[in-house]
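Two complexes, one shared chain (chain A), two partners (chain B, chain C).
Here is the complex of A and B:
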């Protein structure tokens, strides 16, 4: 009885959690819904697409650069492999790599940003100037240097893209936290002797999640673009593996004859990035209180 | 007060302001009038709709609200139904506005001279730049600011809070409007500055025959300034009358409770808060909105909202039982509780404390003693160093020299250097409950935080102790899984107090804990703190700028000015026969109902 009541209470409390309210406000906007739809569509394609692929991505099914046929619905690529199958297989890597890179960037960026904002000392300057140094390099150049030195390793790409993402996340985190650090509840936690780690994670972090969510979706958009670009340049997945970026490179010479080999991955990458940035936009508008809609 | 009094300048009838879309009323059925040279005080708790009414006089509503019905006439001019361009031309020229926070209202990037000239220019005041400059000088003279060119070239941040508000006043009076709306213009100011600004307002209204609406939650301020007072409750005007009538023989139970909640300098009576909270728009009951909190409520009160009844020439009330309220003058007010006998041993002792912000010294050579079960009040204006001193004691501000000891045991300076027991024994309650509670934690989580750190309790024990703490500060235990933004200011401050008390401290430092709250809530919080102090045998350091508050709670008082303690001693002695000039000045400048009513010809 009392257990059920507690559960009901907990449910009600969950409904009123600030983050839940943020998501609900974001969801009321058309742009967020379109973004979520696009992302789900593309993520769905990448995750379950291989189950529906008629062929293995590396199987030769016809002549190179062949037109659509019964064996290859969208034609064949520069080596005679099925474009549709390669497309359905090719989303996993780009999605996995960019999500992993964004996650690494978030972890580093948030940690550095929170520590910098909270330290209120020389450490703040040291950390943020270090971030500025990384920011000074164009991220694609930094990634190319790393890959050229060590070789085209996937972990290296994830790490480099993650590291180039971190400074921007750190800046946003620090900026949002500076306000929060001055609030009295942080003083209150210090006065009762709460540990530094708990103050960062328990007092500061929950109060900067709204701008961070916006930043995370934006950084994911950039990571997708960057990783697709690296694959296109041949530094990502190595042939014969299927990958959207790689596909564009492989088929670009046949673009005028058989466009599907380029158009499919290009459209997929474009829609994915548009989707993530629409979600970010919806979240940021909800967080800023624009288009608040009805009363809460 | 003068012959002009009968010329009604502003007349408001049946004003209704709604939430756009839903049609929920924020303010309804509000009507009043103001004559030339008269100041009408509009008082009410936060959320009562008083600022909404004030802004409506300028034809303005906050985003999401709209004026749905009513008539506002300034002389022959109808304010409502005008085009945006006509409204802009009217604002500043016919009716002007003085905002609450002058620091935020002045453009920080423009010199004050430029901003003042802009006002004149926008309304085509004067025919030449030369004429406007002369007028600028006059304006500054009127509000008692220097009018030399060096002053005019200053930026807002180079002025004190009082000077900024004077600039705001000068700007409002610049084009000689006939109506002026003052929205709590002295709330952020020190009592001395406030007293001077209030005098200036009074003087300007008198000399120029301006009808002023003075919106405030501070009844003592209103009593010193206003000719008549209108009381708002939950979007309705419940009583209007001359300030003597309202403060001495109020006919509405709400007005009466509001007056009783004002701390008296004489401290004869206990402070009494009003239980419950005012209903928000959309949650207002049928019948009289005050009925659920009213001692006089009968069945009739829940039927319909009482009509306006004329009780005298200048006295209107909306209460079915005003007759009973008026005859029940003899209602016993609770006398102030006797304070416990002083102890001989020492709880907290501060010796030769000097505190710094960076290399700048804020507190000089302070000695202070708090005995067990004793309440010491620390009084001073903003910038006097009282908060810094309180924070040094609580370990929140570590940049100080000197000795702090608790029961003779030396206390390290920063909270991090103190051991768990010392951190537990000294607890601090912050000024603003809006900033001291983490908005992303529930009340339960907030109160559990110190419990976990100090006692390592089991889950069940944490829950039980949290519930007990909430009961102890008299709020419903159902708030345990609410977030701070779902609570009222008074409830939040109670949660903050509960958080301090679960640590079972021996010394509680309260830093201006009521200054962010309404007067009725302030009374309840002070009452609660006094009761808890007795129950839990706490030593209390009560920091406040409000001298009237301390008589009901403290035995000893230390008056701070410029970072030094200038006078200390028993409260009665210091308040009745102050020795230092500073204390005397502070006492005269503190607005009080008693002084305002005792003054002849008010």
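Here is the complex of A and C:
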């Protein structure tokens, strides 16, 4: 038994160092730092921006589509509300919804991927085939079918975006776990009678965190785009909410008069997605470097 | 993986026979799998939009619906019948090309979508036609100047552009070229339903450019990776040692050999565009299937949503099969590993 115990501990040791190594290597890349800076900037704007908003997001401060004035520094929107205030208030929803959707996708995807890799049976095929069905729709089409059925509900948007995220996460998790499943410390854990749940979460999961982190940042980038896009189409938050996607939709017709109502949220969404994707790229380069066997 | 088995010399002809069989078999298997997926997708679309709990007709028409319109919709959707029979009915009509009537426009879905399908196809193919050669050149030049300033700049630019949601790119282009900075291109593409899109070339520029920006980075990245590998190969070394001019080595010897993987990516990009057009068409008010889908969802026009969702999924599945088959056909290593 003691041999098996040692192998189990070896499994635990095998997991911890690579993550620290991954972050350290990723941080050494200039692009990761730029990404982190951009994400912090936008998350900061979304979280503490409302404290600096001169008006409430629903307050009427002037005529519709008014130009910049002392009351509204960036002008007023299609109903006469302050664009700057609505911008400062409008980041929370996109951030919250896309993080929630990504989290749902990760939980589903990781669970399905681990079970598929570990099952070594027909269950693997069934699960992955089911994932293929979800992947057979472009994500936005699946979300639109759901909205057409139930209506533009926020929980629905988060759930559908999460569900369209899951298959890709499941594929990555399964792919990375297939190697780990064959390792001795998994056999050892089985030999000392650990439960399946503990093997999946305690032995497999810690050893696939690097590819998962890379995938998670990719999926977050994608979720932000999808959720902002759905809001922009008018299926996300409903008026009078302040939301970057919705703001773009509301102020689109005034684009020829003055662009701030569209430009501010568009630039914010752009910088946020660029930031998360730079972090993802930094992580993936770091992971690839470690895989190639470069010592610290 | 049976590639190690028949690699003995002298089995050349037999291997060729097996290989052909292998490819046909693969194409068949992959196509059947695609059909199965499409079948499952049709169940999902049907279940999501028609098999709602409660009264689907009321859910679709809303509280203000009159008893007459409710009865008519129930009849059109065969809501009185058992679920399985409803599905068989629906699928049967679908396969015969009868997509039902649009609830909002009150005309057959096929009439409604006919020209829109053409419009979207023009947009998608135009984007692929421009983005693929562009990406191949970009990828090849990046690989040629690997780890030099051009490569780094291209890599960061591509990464940045790939991260942006399509509507952000589209609106960015509108602000840049349509409304605010330079007012040289139309910000919306107002093409009447009975006009061919290519009679309005100016209206096509911005939507096409948006889609090109959306897919170009992926192809360029694949091309660069493939080209890097080819440039390190023996036959390129050989061509160089023969004393050929570097230009000739790159464009006549390396590029044609590196191009294969981009064929698969192009098929995948076309599939991706089937979904990407939804938001882009809405941004530009372009009368294609994407904007039709958004309108139908706004109106909760279930027959149109079903038809479009199934159509887009079908195109997507077919192109994915094509991409897989193309990948096998163009890469000898994968080809020989087939059973």
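Note that the second predicted complex is superposed on the first by the 274 of 296 C-alpha atoms of A that agree within 3 Å, B and C clash if a C-alpha of one lies under 4 Å from a C-alpha of the other, contacts with A are read in each partner's own complex, and residues count from 1 in each chain.
In this text, a residue touches a chain if its C-beta (ideal position, glycine included) is under 8 Å from a C-beta of that chain, and two chains touch if they have at least 3 such contacts.
Just so you know, these numbers come straight off a predicted model, no measurement behind them.
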{"item": "Which superposed partner A:273 touches (first chain B, second chain C, both, neither)", "value": "second"}
{"item": "Which of chain B and chain C A:248 touches, first, second, both or neither", "value": "second"}
{"item": "Touching partner for A:140 - first (chain B), second (chain C), both, neither", "value": "second"}
{"item": "Partner chain in contact with A:103 - chain B first, chain C second, else both or neither", "value": "neither"}
{"item": "Contacts of A:233 with chain B and chain C, given as first, second, both or neither", "value": "second"}
{"item": "Partner chain(s) touched by A:190 [first = chain B, second = chain C, both, neither]", "value": "first"}
{"item": "First, second, both or neither for A:18, with chain B first and chain C second", "value": "first"}
{"item": "First, second, both or neither for A:201, with chain B first and chain C second", "value": "neither"}
{"item": "Comparison of chain B and chain C by chain A residues contacted", "value": "C"}
{"item": "Chain B versus chain C as contact partner of A:43, first or second or both or neither", "value": "neither"}
{"item": "Residues of chain A at both interfaces, chain B in one complex, chain C in the other", "value": "none"}
{"item": "Footprint of chain B on chain A - complex, ascending", "value": "9-10, 12-13, 16-18, 183-185, 187-194, 202-203, 206-207, 209, 294-295"}
{"item": "Partner chain A, residues of chain C touching it in the complex", "value": "36-38, 40-41, 44-45, 48-49, 52, 59, 156, 159-160, 162-168, 171-172, 174-175, 178-180, 187, 272, 274-276, 278-279, 282, 293-294, 296-298, 300-302, 305, 308-309, 312-313, 316-317, 320"}
{"item": "Of all residues in chain B, those that touch chain A in their complex", "value": "19, 21-22, 282, 394-396, 415-416, 418, 420, 423-424, 428, 430-432, 435-442, 449-450, 453-454, 481-483, 485-486, 499, 503"}
{"item": "For the chain A and chain C complex, residues of the former touching the latter", "value": "31, 129, 132-133, 136-142, 144-149, 151, 221, 224-226, 228-229, 232-235, 248, 252, 255-256, 259, 262-263, 266, 269-270, 273-274, 276-278, 281"}
